[in-house]
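First comes the structure, then the notes that go with it.
Naming follows writing order (A, B, C, D and E), and every chain is counted from residue 1.
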């Protein structure tokens, strides 16, 4: 039974990311006065994947060949694994374990660790450089994002994701915890490397991506994982801050629309913002970005966690 | 026994300049900061000076992209002056290509800072300018209708009115668009302010010229200091920056584009209607009669330049573009050295890059307006 | 196959602890490997504790496993920092001539 | 039944990677250590200690292994030997076997008096652990916080390494600059 | 606007100032001042031109070589200097025989390094004192001096793919101008 659900999930993810690639290219092209084919544009990502599949796989000479082949798959699974926990609708979730949020946090950390190893496995100085760059940047924003999740857990009371969504019935968490919503959103921007919080592709290969050395199948997994990552981050934002499948107001007009559509709408809202930032902003320099993460976000989210805990304590026990 | 050694990693990067050329930049890097950068050039060297020595003057003129300096040098040796209308047309085309080049530099600074959308809008505007250059001189990228003694043919009817209309309506609002988008952008400022600063003495010491020199605060513009053609009849201001970093170079180039627009508008009013005959008998002295016999014939005939040597330089978009011409009386240049501004700017890149971060390489190099084709000749 | 008893977990953690210990002795020349085997020992100890706490249905074991985790990470982080500093100043990490304190 | 299967899979996995940690060169041993962490956190899940499993993953596999990976990579350590002479490794292995046999001996002697089939999954492990942790062991928990704080401050003090004239930029100073710093001048006669 | 007309006043200054014993002769042609200097007094003249009050040539614009084939000191090395503060230009010409190095101007103008390397690359005139005297434009395997008059336009070597050796080989061909 589980196997069939997993297959449904994977195929849904594949279709969604193909659509996402197409929409992203269409929007970026529109902003940049270019046009891309309407119908055939949709087939483009599939054609890319097909072409990539038959490319020649070039393996590094060193002794890291086994790791080189294995790691993209691990990286891809660590990102898709998070989808097991995310509730798309009332009961529609693959595995609703009661430490759902903790599982998500663990998977975020694991995928960061894998990026370093991917950079190391490709045995090239530039890939290693790119890997260390993006990992240091992600870790800088990771801690404050985890504290943002802690704030949501404090006010929702339970770690199970469907409980969190139900607890947002009367007010979405993005209103009371708005700064934490911004913090987590910026962390999502960093993870899906959208400008302005991205490693600047300064054109030359001195700080390229960690996935430079990967050719055919390895690159499919990493590129695919990048888009699934975008879907994942927008889904996590909708679950934690935008009240997963709950309509904004209890007006019966909204209740007519099935709740899955609400989840999809909110996710696409986040995705649109991700895509438009790609065309709008220049990119922070690396050290400003990391300083911004450590010196500005971390203390601020620490203070916010204490404030949230204090508020729930006072409102729960009534005495000060 | 584990031998561990901590050495700075040297990165070998292939750096692409705004104009599409390449040069190799070997970086000595400690983590994030650049300790030493050594450029290696010569990738697009096609020996233009050797070619000029083996071609007649007419073909030599058409070889160059900015052949204004060479044309002026030959005219100096021939002691002839272009007619007033031809001079105005030459200045008009020079200013148009200045706008195009500055636009390309400004947009590649934005690209270096990470925002590649302006480069698409810049390309659309550049397309329009190329259209005008094509109408004027026949080739899109450079105004190739410059000839010794004037211009190959007059501007086609109505071209000047189109240019004025387009400049006033589209181009100025495009510049305001870029101004509001980039100049006031916090992130763009953080990526360009204080980066690649060149003090005023260093700028002079390292042979800077053009917009980079003016960005560091020294007041020098060949169009005003040593005017050629009709620049002394046009009044325009020179933008001077204060700090000499990427941001002030960007601002100087934006201001210069606005000044070029004023120049073109003045040209359109002041351009005389006189017949643009190429050679003017009254000016030439007696011993150059051989050259003047062309006044009736078409200019595209070989002509001999009297022996002598001279250096003539013009204010090209990226700096002082000079031509040192030695002629031996035949119809071929004996020696013609092309002095390009990017050669000196690229020589200063290691000093400017030292101590900065890796992400700044692109912003600095594109803010200096370095063209690899110009460097290698 | 019999259901998993406490005995299996203890045997497993004992084995992990033993490999960690012999790892320390084997890699006495290479500091990084030593650090890794110490980590291995700490993990096996916390596995032991958690096994006992779950089979006795008493949470103190897990609480102490949390404290062990904290202590292990703090110690290892400072260890690595000292190691890197030593490496930066002496340009080599051969275990033999790390005898600066011998006096 | 499949619970036993999962246990044996994870156990063999962790044993193999533990052995590989000891007997492989620098970076591979770190990778296998990560494998050990992942399999042990699986075992914790099997035991019902969800909080600890995720904490192990987060702390060890997430952040700590990244740190350990930095060691051999950043310092481009050129491993010039794979294993020490056979004599030393033989000595190490004998110590290991001795240790293992005495531990196993202790287990064999003590019969399992305790009933071993107890409901492993406590209702909500995290909630239960939280109640215990913040009430009985509150001071210990503060002490843990202090230990970590000391570790962080110590490492940062050790690792601060400045020098090298690197151009630092004050962000406030960068934001103030604006377009009107450019003044347009006339190059009049002689005036420079 | 200072027009270039005052080049004659600058020319009159040369015999008065201490330049007279450094400069062999000077002439004004076509509005430009050319100073002919011998190789050993080159650096002194350049430092004088840079520091003296009424010359103040701060910027080295260009160094270029000229090959007069059948003249005795075969090469000319021409230094173009520019004074930004006084808006004037000057050219210092040094006559150099083949295979005789001349002192480098890097001690006076830092930018001279690449210009001298290019002159060395194109003409084979070497400058002692230049910190990094090696080729700059042509690739390392090319050991001719292309801009010399006796070097043919199409080059002396033709690269073509050799079937037997399965690689690019260079066959020397008599250069056709």
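Throughout what follows, a contact is a pair of C-beta atoms (placed from the backbone, for glycine too) under 8 Å apart; a residue touches a chain by one contact, two chains touch by 3 or more.
These figures come from a predicted structure and were not determined experimentally.
Enquirer: Any chains in contact with both chain B and chain C?
Expert: Looking at chain C and chain B together, the chains touching each of them are D.
Enquirer: Counting C-beta pairs in contact, which two chains come out on top?
Expert: C-D
Enquirer: Which chain's C-alpha centroid is most distant from that of chain A?
Expert: E
Enquirer: Farthest chain from chain D, going by the mean of C-alpha atoms per chain?
Expert: So the farthest one, by centre of C-alpha atoms, is E.
Enquirer: Mind checking the centre-to-centre distance between chain A and chain D? Centres are C-alpha means, answer in whole Å.
Expert: One centre to the other, that is 23 Å.
Enquirer: Averaging over Cα atoms per chain, report the distance between chain A and chain C in Å.
Expert: 33
Enquirer: Take the average of all CA coordinates in chain D, do the same for chain E, and state the distance between these two points in whole angstrom.
Expert: Roughly 63 Å, centre to centre.
Enquirer: Hey, how far is the Cα centre of chain C from the one of chain E, in Å?
Expert: 70
Enquirer: Two or more other chains in contact with one residue: find those residues in chain E.
Expert: 1-2, 84
Enquirer: Residue numbers in chain C touching 2 or more other chains?
Expert: Residue numbers touching two or more other chains: 29-30, 87-88, 93.
Enquirer: If I count partner chains per residue in chain B, which residues reach a count of at least 2?
Expert: 1-6, 190, 220, 224-225
Enquirer: Under the stated contact criterion, what part of chain E meets chain B in this complex?
Expert: Residues of chain E touching chain B: 1-2, 4, 29-32, 34, 58-62, 64, 66-67, 78, 80, 82, 84, 87, 89, 91, 109-111, 113-115, 122, 136-139, 146-147, 151, 153, 177.
Enquirer: Which chain B residues qualify as touching chain D in the complex?
Expert: My answer: residues 1-7, 30, 33, 35, 179, 183-184, 186, 189-190, 193-195, 219-221, 224-225, 235, 237-243, 247-248, 251-252, 254-255, 259, 355-356.
Enquirer: Under the definition above, what is the set of chain D residues touching chain A in their complex?
Expert: Touch residues, chain D against chain A: 27-28, 31, 34, 50-51, 54-55, 57-58, 61-63, 65-66, 69-70, 73-74, 124-126, 171.
Enquirer: Could you please specify the touching residues of chain B with respect to chain E in the complex?
Expert: Those residues of chain B that touch chain E are 41-42, 45, 47, 49-51, 53-54, 76-77, 204-207, 209, 218, 220, 224-227, 232, 308-311, 313, 320, 322, 324, 326, 334-335, 337, 339, 343-344, 347-348, 376-377.
Enquirer: Write out the stretch or stretches of chain C touching chain D in their complex.
Expert: Interface residues on the chain C side: 1-12, 14-30, 32-33, 35-37, 39-40, 43, 46-47, 50-51, 53-57, 59-60, 62-63, 65-67, 69-71, 73-78, 80-85, 87-88, 93.
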